[in-house]
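Two complexes follow with subunit A in common, the first pairing it with subunit B and the second with subunit C.
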Partner chain A sequence: MSFYFQLIILGLPIGVLWALLATSVVMIYRASRVLNLAVGGTAMFTAYVMYQLNLWGVPVVLALIGALAFAVLFGIATERWLLRPLRDKPMLVSVIMTVGVLALTTELASDRWGVDRQNMPRIMPSGAVHFAGIAVGLDRIFILAITLLVMAAVVYLFRYTTLGISMRAVSDDRRAAQLMGVPAGRVSTTTWALGGLLGGTAGILLSPVIGLTPNGLVFQSIPALAAALFGGLVSIELTFIGAMVLGVLWSLLPGISFGSLHLREVTGVQEAAIFLLVIAFLYVRWEALFGSELREEEI
Partner chain B sequence: MAIAASLPKHIALHDRKLVRRGLIALLILWPWLVPAQPWANLAVRMSVWVLAALSLVVLTGWVGQVSLAQAGIMGVGAFTAAQITRHTGLDFPLNIAFAGIASAGIAVAIGIPALRIRGLYLAIATLAFQWALEQSLLQQHWFSGGFNGVKIPDPHIGPYSLTNDRLMYYVAWLLTGTIILLVANLRDSRTGRAWFAIRGSEVAAKTLGINVIRYKLIAFAVSGFILGIAGSINLNFIGQATPLDYNFGKSIQYLSVAVLGGIGAIGGAVLIGIFFVFLDGWFFPEILTSIAGKIGIITAGLLIFTLIRNPGGMITIREDLRRQHLERAARKAARTNRTIVLDAAATDSVLTDGEVTISDDAAPLLPSATENGHTGNGSAERLRALLTERGPRLIRADSPLLLEATDVSVRFGGVVANDEVSLEVRRGEITGLIGPNGAGKTTFFNTVNGLVKPQSGRIRVAGTDITDEPTHARARLGMARTFQIMRLFPRLSVFDNLMIGTHLQNDTGFGGNLLMSGRSRSEDVRLREQVRSTLALLGLERVAHERVAGLPFGILRLVELGRALVSQPKLLLLDEPASGLDVGETDSFAEHLFHTRDELGITILLIEHDVRLVMMACDYVYVMEFGRNLAEGLPSEVQTNEAVVAAYLGEETPALA
Partner chain C sequence: MSDGGSISRRVVLIAATLVLAATACSIQAPDFQLVSQGGGAGPGVLPSGVATGAGGSYAGGQFGGGTVGGGGPAASGNCVGKATDTGVTGSTIKLGSTFAISGPVSSISGPIKKGVLAYFNEVNATGGIYGRKIDLKYYDDGWDAQKGKGLIKKLVEQDKVFALTTVPSSNGLDAATSYLESKRMPVFGSSGLIESQFRSPMIWPIGTGTRSASRIGESDIVNRLGAKNVAVVWLDLLSGAEARDAYEKALPKRMLAADRRVGLSEAEFSPVWADVKKQTRDWQKAHGKTQDGIPDFVALLIDPTNAVKALEAAQNLGFKPRIGWGGGAPLFLDLVLGSTSYAADTGIYAQTSFIPPLPEFAANPAVQAYIRTVHKYYPNADLLNPYLEGGYAGAALTVEIFKRAGSCLTREKAIEVANSIAGYSAAGLTQPLTYKQLGVGQSHYGNLFILGVQAVKDSKHGHWKVAVQGSQMWAKDPSPGA
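Here is the complex of A and B:
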């Protein structure tokens, strides 16, 4: 039992960081009605920027700040130059645009830094605390704390601040919001800046956990999107739960055996499970996402 | 474009023929004109790219289903073929078929969730699918041979080897050419029209009798099959399949090619596919296996650039031009083939009667004459004469029941939209359904139509219980409808919108459509004739080849009516057809209703807010309020019913013309 418990503890940071990425997706979707498939690209590229800065001899703290600044600028640039021109086009065009961004970041990173794993500079405390015989790394507690803090801040932002209410207004009806005096353009830009910051943070925290490779990080988009769908692209709380479920499943699967079949020996069993969950979440949450078939066509 | 237009027509045509012949000659001689490495080899790779882009043209361009898993699907075909070849010795050309079938199978597997998951969400699902395929199936040693892939014995035709040989060029482009022709056949047939309908509006497609599930799965299968062929070309040519050739990057590159080619255009996919491989070979000749590399950056960059500049693609091939060309060809065929036209004679004789009614009154509906002239005296008098002749009957006719709804209840969550609504429509009548906004009229329509499932109650058509039938099956039983918020296919012409409406009149199947059989062709000619008559009946000839998006509202209402009429229904459901029309257009619409009832023999159930139209046109009227039946009767009775007056008409009864 404690073996599985240890696995769950190991899976916690992954789930938590998927929740962070998913929060970026939900926030951007709620404020600008764009489903950002490129969130993994932002995360990956930010991590590489920090890696590169550190390689050039920039101290870790400054490299961290520089990378996060890059993430914010990247978010703003994506919104300003790539998505704003598509505002009046069908939503699918914007989504394909984010796919293009995802591909471009992957290809650029593979070209610049290669597809092999690189070592991230260390930013988190080492050491562990012990609970009832189970060792919990301090870095994991650190990750959990940061993420919960960020997510609470996002919930607060949407519920109680003028900016959050403006974001929701702009996504509901841009024209009406503008007529009410909401600076729609600035609201979109701010959302994307924050979305970039969340994605970048997640990337920097994820890379020591799963390794700094272009493909490895880019595809973190998928579990993040799955969690966001579980939350109906609205609820931050449900998104968090969805991400934790995925994270725990991810780390438990390799520990499961059926007789002589050990799942850890089956290549890609985790990815296949996530894919099936994406489909399942879409099926289960379809009503919440759309309501009825007649309504979904208007999208 | 401008130059071509200024040239005398015969010269332009002659040139085009010459250019086409020159191109074909160049294609045939290509491997002998250039050194095999890299140019002939590149030409084979081009066919793979062209086919991959083509699979997206079908799936995304025509059916509106996005897939980011095309490379993975292609890989499944390639590895299946490789394994079969390795283990059973069934090699080229048989392994082409295996690859096609395997890819089609896996594409249908991802197509099944797509029956419910749509649009951008399908993009996520297929992205996840590509990732899962890449990480699981394409990593299994027994299937993909791991990182280094699977080698197959040298494929050959007789004593001639295909690996890295000119011969493969011919095999590849013969396959590609054949697929292009077959896919073009599908596009121009009943199957293609069903696909366009699904792309435009699944709901509208269903109401026209199109089995959306079936046609979507066909599209996934066709798209997958094309990918499998591409995968097998890759396999036989290199003599090997490697997982890296089928990764996410490749999927995006194929998507870029299709988008740049103006997703939906075969010619664009072919040209851009060729251009990209050319680019790759020209600038990066050393990367022959094309593992990511610069070409990935360039394709992703161009995809982004194209989406910003012109989401229609770099090459915009005007669909409507091609359509008009088709239309001319069909008309010519109709002239030379009298027997086919005779098939349509039955329809024609009905329609010629109708010309008396529409004569010149339809003309003012056209954009060229939108001034108010047609609401003048002459028209009003004509209408009055028409009303005394055809207006509401004073007693309810004793004709048989066509539609019978009993105690239909619909709830959405806690909201009761329909509460035990009952309604009967008699054959040959125009039955009205009125009520204040939010009374549940449209919900009732959707229930009759099968778009909404009722919690209780039964619906019968001509005595048959259809409560559990899907929408497209109800259309097959003779039910057609229009929508309050119109659901036309905006990217198609008026003519093509009506052509899609003929789906149920056309009994050709997928196979016939694919091969463009004689029957497939003659049905097309017959139905085009029928559409032309309907357009003439509604006075829409002048806008027949205009794209629907951008036409005036009054015209669109008629187009939607026409699309319902060409399906030759028994029962026509019209949801507020006069909303947004002015007085003159409404009167004209009433005339079309009379014509539909009397000459075409179609029974009508009409939801309408325009009290004038209801009183003028309906034989019998039902009134709903708060989701329940409030009253029913002849128009004159309903008009004086106190409950109705209180609920709906206001304090006093408005004076009617």
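Here is the complex of A and C:
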């Protein structure tokens, strides 16, 4: 049993990081109705900015702050100059624009830093914690703790702050919110800034685990998008749960055997499980599980 | 929310699901390089930094010096200065290739281009082959099999190349093999990563096959290093799967302690090691051994980026095999040693098909020429990279075939010459290549040799050295094609 328990525990840090990326997607979607497929690009590029700053001799803490500042500015710039002009165009145009941003960031990173893995400056402790017969890396525990704190802050912001309420108001009905005095444009920009911050944080935390390469971090946005779909692109809580389930599944599935059938030997079992789960969830969730309640309350 | 909003959100959700599903199809080998080189093709860049036209075509020759063997007796044939076949004019030989410069294996495949271009540039700088300069047209297929196949067809049908050279993007080459055979379009100096290359009558690989390398590696682990059990961690891509199959066949079944597949996008290796430990513990239980879950040896049959992730996760968890870890050429990169000292600390072994620029071979003139030539065009190139060296040697094999074919160069003549190659060392960097040595049909197991290397500790992260000295330095696969 401790084997499966260990796999579950080991899946949690990846799950929370996907949750962070997914929350960025959900937050931006809620405020601007744009599905941000560039979230992986933002995460990746932010990590590279931190790497480059450190390479230039900037101390790790300052490099971290600088990179996060970049993520915020990147989010703002994307909204102001790339997406706001498209507000009156069909929604898919904006989504395609985010694909363009993803391509641009990936290409720029490949050109500037090459495709080989680069070493991120170490910001997390090394070593492992042993308990209940299992070993877990200290850095993974660190990731788990940091991300949970960030997630809690996001939920608090959405539920209890003026900004969060404004975001929800803009999300519900932009015109009505504006009539009520909510500065919809500024709220939208702030949301993109926060979305960039979340994506950038995820990139900085993920890159030491999965390696800093132009493609590696972008791959991680795929399960994150799946988690966002769990939450119907609106519910941060469900998105979080979805990401955790996916992280645990990713870790657990290859360890499961049915008699002589070992899932670790099945090609693409983890990927397939994620998408089957998303499709199944989309089929049943709205009507069977939540009916119209979610649609009305969560948005 | 309004009905319209609800509908629009559903549209977005459906679109997102479709995007997700489409991406899922390529998650094992996706190409996120959305801005690709034009039509797959785009402006290539000369080693000198001179941008080329669409498709990355270039005809070098502006570089002087060097000792790379181009030339050929300029007046030895009667076709000098004349067109002799498709893609062969009086002054150029048009060749084609596809590289995985972008995409998931670009860290392996990308550097190959530098070796190929450096060699051809130097050949052109020294006068070309019978006065003809190499004009290489290449595309980036991002390791996408169908895109690669399409680009190879384009090279043959639209660009009208004379032959293909190296084609390190072996996924696309694999997909295009039947097509190339139907067109009798030869590929000289391919990587040898995938078994199908050795069995095609139109492909002459320069590298030792993955299966051969794995058999030699397995023998080394068991006979020299004395491992009593082995855990195999393999990448679920063509060459990773072939390496794993070779290990499974060569390794006595009772020695396989763990068998773990990983994907190219493996997010986290901690669960992988947990699984390996569990399987090893089960194996130890079944064999009456102490159940500590530690295998004697871990065969890391994975790409270098994943290898670094794997080693770092193992270091964090305090997991290390009793004897060490090892794999093929993908581990023989500074990238693997540059990230963590754990690789050298815990004993990591790798392999190469080519004489590497290690201190042991510093006096070798061929190695010196390789270093001098590549550095001339790519001062920052990682010369130790066996793939880059393979590209250089593959280009040398191509040139040698053209030289032997004479000035009246035709495709059929080049094919005939390639099939008669025996005891030839490409650029002086390979053991003798003999493409008919099996004597079985058209099999092209030209290179059967492997050099084992191992990482040793130093004041930094470690460095590589030849694993076995003396006459046993190069191991030969006794049963190629098995």
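Keep this in mind: the second predicted complex is superposed on the first by the 248 of 299 C-alpha atoms of A that agree within 3 Å, B and C clash if a C-alpha of one lies under 4 Å from a C-alpha of the other, contacts with A are read in each partner's own complex, and residues count from 1 in each chain.
The rule we apply is simple: contacts are C-beta pairs under 8 Å (C-beta built on N, C-alpha and C of every residue); 3 or more make two chains touch, one makes a residue touch a chain.
Everything quoted here is computed from the prediction, not taken from an experiment.
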item: First, second, both or neither for A:283, with subunit B first and subunit C second; value: first
item: Touching partner for A:135 - first (subunit B), second (subunit C), both, neither; value: second
item: Subunit B versus subunit C as contact partner of A:226, first or second or both or neither; value: both
item: Dominant contact partner of subunit A by residue count, subunit C or subunit B; value: C
item: First (subunit B), second (subunit C), both or neither touched by A:110; value: both
item: First, second, both or neither for A:180, with subunit B first and subunit C second; value: neither
item: Contacts of A:95 with subunit B and subunit C, given as first, second, both or neither; value: both
item: Which superposed partner A:251 touches (first subunit B, second subunit C, both, neither); value: second
item: Contacts of A:126 with subunit B and subunit C, given as first, second, both or neither; value: second
item: First (subunit B), second (subunit C), both or neither touched by A:145; value: neither
item: Common ground on subunit A, meaning residues reached by subunit C in one complex and by subunit B in the other; value: 35, 37, 91-92, 95, 99-100, 102-104, 106-107, 110, 115, 215, 219, 222, 225-226, 229, 267-268, 270-272, 274-275, 278-279, 282, 296, 299
item: Subunit A contact footprint on subunit C (complex, rising order); value: 1-2, 5-6, 8-9, 11-13, 15-17, 19-21, 23-24, 27-28, 30, 32-35, 102-104, 106-107, 110, 236, 259-261, 263, 265, 267-268, 270-272, 274-275, 278, 304-305, 308-309, 312-313, 315-319, 335, 338-339
item: Footprint of subunit B on subunit A - complex, ascending; value: 35, 37, 81-82, 85-86, 89, 91-93, 95-97, 99-104, 106-108, 110-111, 115, 215, 219, 221-222, 225-226, 229, 266-272, 274-275, 278-279, 282-283, 286, 289, 292-294, 296-297, 299
item: List of subunit B residues in touch with subunit A within their complex; value: 66, 68, 113, 116-121, 123-125, 127-129, 131-132, 134-137, 139-140, 201-203, 248-249, 252, 255-256, 259, 292-294, 296-297, 299-301, 303-304, 307-308, 311, 412, 446, 451-452, 487
item: Residues of subunit A defined as touching subunit C within the complex; value: 3, 6-7, 10-11, 13-14, 29, 33, 35, 37, 91-92, 95, 99-100, 102-104, 106-107, 110, 115-117, 119, 126-128, 134-140, 172-173, 208-211, 213-216, 218-220, 222-223, 225-226, 228-229, 232-234, 250-252, 254-255, 264-265, 267-268, 270-272, 274-275, 278-279, 282, 295-296, 299
